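First subunit A sits with subunit B, and in the next complex the same chain sits with subunit C.
Let's turn to the complex of A and B:
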């Protein structure tokens, strides 16, 4: 069983897929809802304190906006723990999304440069692409299980 | 009293740990923050229609919420736009959204860029101004002072009082702020003496400035109001510019205000300043270093040329260092004074005036408006003639006296 970081970290579908293959998903406990009545799309379930952006200094310098550093204090340790990762680029918001583009850039960079196995996919735009998309994730997760 | 509903359009406050501070600041002025309800499917569409192609999903959400407010799909009394400090993408959205809402609705709007160090106290005056504009439109529409009223401005550097009688300034008092209450009582006595009236003759009292709550409670003020709305009201009143657009600039001892005003009511405003190098304090320090009284700094600066002295007082410490270096290198006091004025004006121009729409007339108020070199520098940067009304240093006290007269008949 591998610890698999998923991006977008809010994707319940991706998280379920990882778990279904017997791996442990590293993701945010946040669901993107159809109606947004919170400050952001991926509002944190628990209150973040001003201490979190300071902890995020481990991943981003002080001139990086506080919101990026606050997010990194949550996702940075997950990336450190990850043994594999799946990145879905340009996903539909309903599939899972994260509110800050700068954080997303940093997360993807840290994952890609960490040396762990990474499946980097674009979000499918057609049914055919959808089938290939699911098959690629299956194959990646299956291979992780076999190699683990 | 009904709660004022403030729509929050934001990116990053929760992950910066400051959402609680925003909520607290709103609660302190009996307002409530809410997040306009938006469908996921509408976000991309609204963002595309707005035409600003940003990457951050939360900024797209903010744009969709701004459009919903302007289109009347969501009702609010005021708008608070907040994004992370140092995020360029967010700064563009913050600015364009503020302009869009200001131009296409009557909603008062304030924008702010926060860090994890932002506190409810920092946000309080802005939130108070937002709710005042929403709650007291009728009071702010007042154009004429009636009866005998007293206005007190308990500022961070100076305390001012004005007695107004039947739309005329009858007495004034001015002192550096030391002990807040004593300074207030002394300037009130001076203003009353000059006006030839007693406190018992005063029919209504208004207070503003940093000490407004303490002073207001002590002297039983009818109106205790933050300086953003009061100063803009006082500015357009004294400059005889109560109708149409105007821009009010107040470079204070501790912070600066830039306010877009329409028909005497603030529409959007910014308050603050990155460093004391962009405040009246720096000019006080310059005067002290040059060995002149602050009242002499303006005429001195008018005789100098700012370009002759390299000075960038982004920080008051480095600004003072530039000043000392220039004097040591043989620069004239006139040039140094002009450079200090230019430096302060330039910082206010670069950091704050970009966040409000500059519309003529540009009215400068507050004690620093008496420093001619500063007014000239601001006029040069804005390429306009800056208006400094009479009694401009008493602006908060005049605004308070004017507005408080609405309480005589219980408006």
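Let's turn to the complex of A and C:
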């Protein structure tokens, strides 16, 4: 069972398909759950404390906004642990009320420069594309299982 | 800052989405209650949230998936159900993660079709998935619409 980083890290489709085909998806929920279930000082809504941007310094320089560094304290350790990654490139919702475009760029850069196998996709817009989309993920994960 | 005491420590929460022509979230909930084994189940408009020990939650989800494998989708959730920091009953409006789910659910029938056809697919056939390289940067019809909107 390989640890597979998924982007967007909140994707239902990727999280389900990776788990369905027998691997372990690394998604944002796991990192958030870890913080939500750890006692400490109340820091709503996500229990992101002033410590997180300090941890993010490992991935981004000090002049980078604290929002990017705070997010990287969630995503950075997952990218380090990942043995493979699946990236959906046309996920517009990853930038908005909870997302950050610069963090997304940094995540993709770190994934690509880490040397792990990466599957680049777009969302399937038709049933035909859906068949190819699922088959591509299945083949990618099957290969991981054989090599791992 | 005040002291924070977490609830439901040591549990996991998972979303179960159902997008099926043969099954409603209500049907899924009834079946889930039958096999719940002490896990906490919350019904939602799209399916369920299941909270409990990881092995119990996975066992229930495994049985639920068998009902309609290509149309039931599962993902982890960081917060337990009804958490006042996330629950829309306290905040008003949709919670932030809802928009992502709404978008993906609109495409999920294509994924269901892919799952259904996977078993009958020739294993030697190389997949040609939608990827950033496969599409045109800007569709002509989209460009035309942009020009027309600017002229108006």
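Basically, the second predicted complex is superposed on the first by the 124 of 148 C-alpha atoms of A that agree within 3 Å, B and C clash if a C-alpha of one lies under 4 Å from a C-alpha of the other, contacts with A are read in each partner's own complex, and residues count from 1 in each chain.
Simple rule for what comes next: contacts are C-beta pairs under 8 Å (C-beta built on N, C-alpha and C of every residue); 3 or more make two chains touch, one makes a residue touch a chain.
Since the model is a prediction, treat every value here as computed from it, not as a measurement.
Participant: Classify the contacts of A:68 with the two partner chains as first (subunit B alone), second (subunit C alone), both, or neither.
Facilitator: Touch partner of A:68: subunit B, not subunit C.
Participant: Contact-wise, after the overlay, does A:43 reach subunit B, subunit C, both or neither (first, second, both, neither)?
Facilitator: Both subunit B and subunit C are touched by A:43.
Participant: Specify the partner with more touching residues on subunit A, choosing between subunit B and subunit C.
Facilitator: With both complexes superposed on chain A, more residues of subunit A are touched by C.
Participant: Which partner does A:52 contact after superposing on A: first (subunit B), second (subunit C), both, neither?
Facilitator: In the superposed model, A:52 contacts subunit B only, not subunit C.
Participant: Looking at A:102 after the superposition, I want to know if it touches subunit B, subunit C, both of them or none. Which is it: first, second, both, neither?
Facilitator: First partner only.
Participant: Between subunit B (first) and subunit C (second), which does A:32 come into contact with in this model arrangement: first, second, both, or neither?
Facilitator: In the superposed model, A:32 contacts both subunit B and subunit C.
Participant: Look at A:116 in the shared chain and tell me whether it touches subunit B only, subunit C only, both, or neither; answer first, second, both or neither.
Facilitator: Touch status of A:116: no partner.
Participant: Considering only the contact definition stated at the top, list the common interface residues of subunit A for subunit B and subunit C.
Facilitator: Shared contact residues on subunit A (touching subunit B in one complex, subunit C in the other): 32-33, 35-44, 47, 93-94, 97-98.
Participant: Can you list the residues on subunit A that touch subunit C in the complex?
Facilitator: Residues 8, 10-13, 15-17, 19, 25, 27-33, 35-47, 89-90, 92-94, 96-98, 120-127, 129-139 of subunit A touch subunit C in their complex.
Participant: Write out the stretch or stretches of subunit B touching subunit A in their complex.
Facilitator: The contact residues of subunit B facing subunit A are 8, 10-20, 35, 37-41, 43-44, 54-59, 61, 84-87, 89-90, 114-117.
Participant: Quick one: which bits of subunit A touch subunit B in the complex? Just the residue numbers, please.
Facilitator: Those residues of subunit A that touch subunit B are 32-44, 47-54, 63-71, 93-94, 97-102, 104.
Participant: Show which residues of subunit C lie in contact with subunit A when the two form their complex.
Facilitator: 1-6, 8-10, 12-13, 15, 17, 73-80, 83, 85-86, 96-97, 99-101, 103-105, 107-115, 117-118, 121, 125, 127-135
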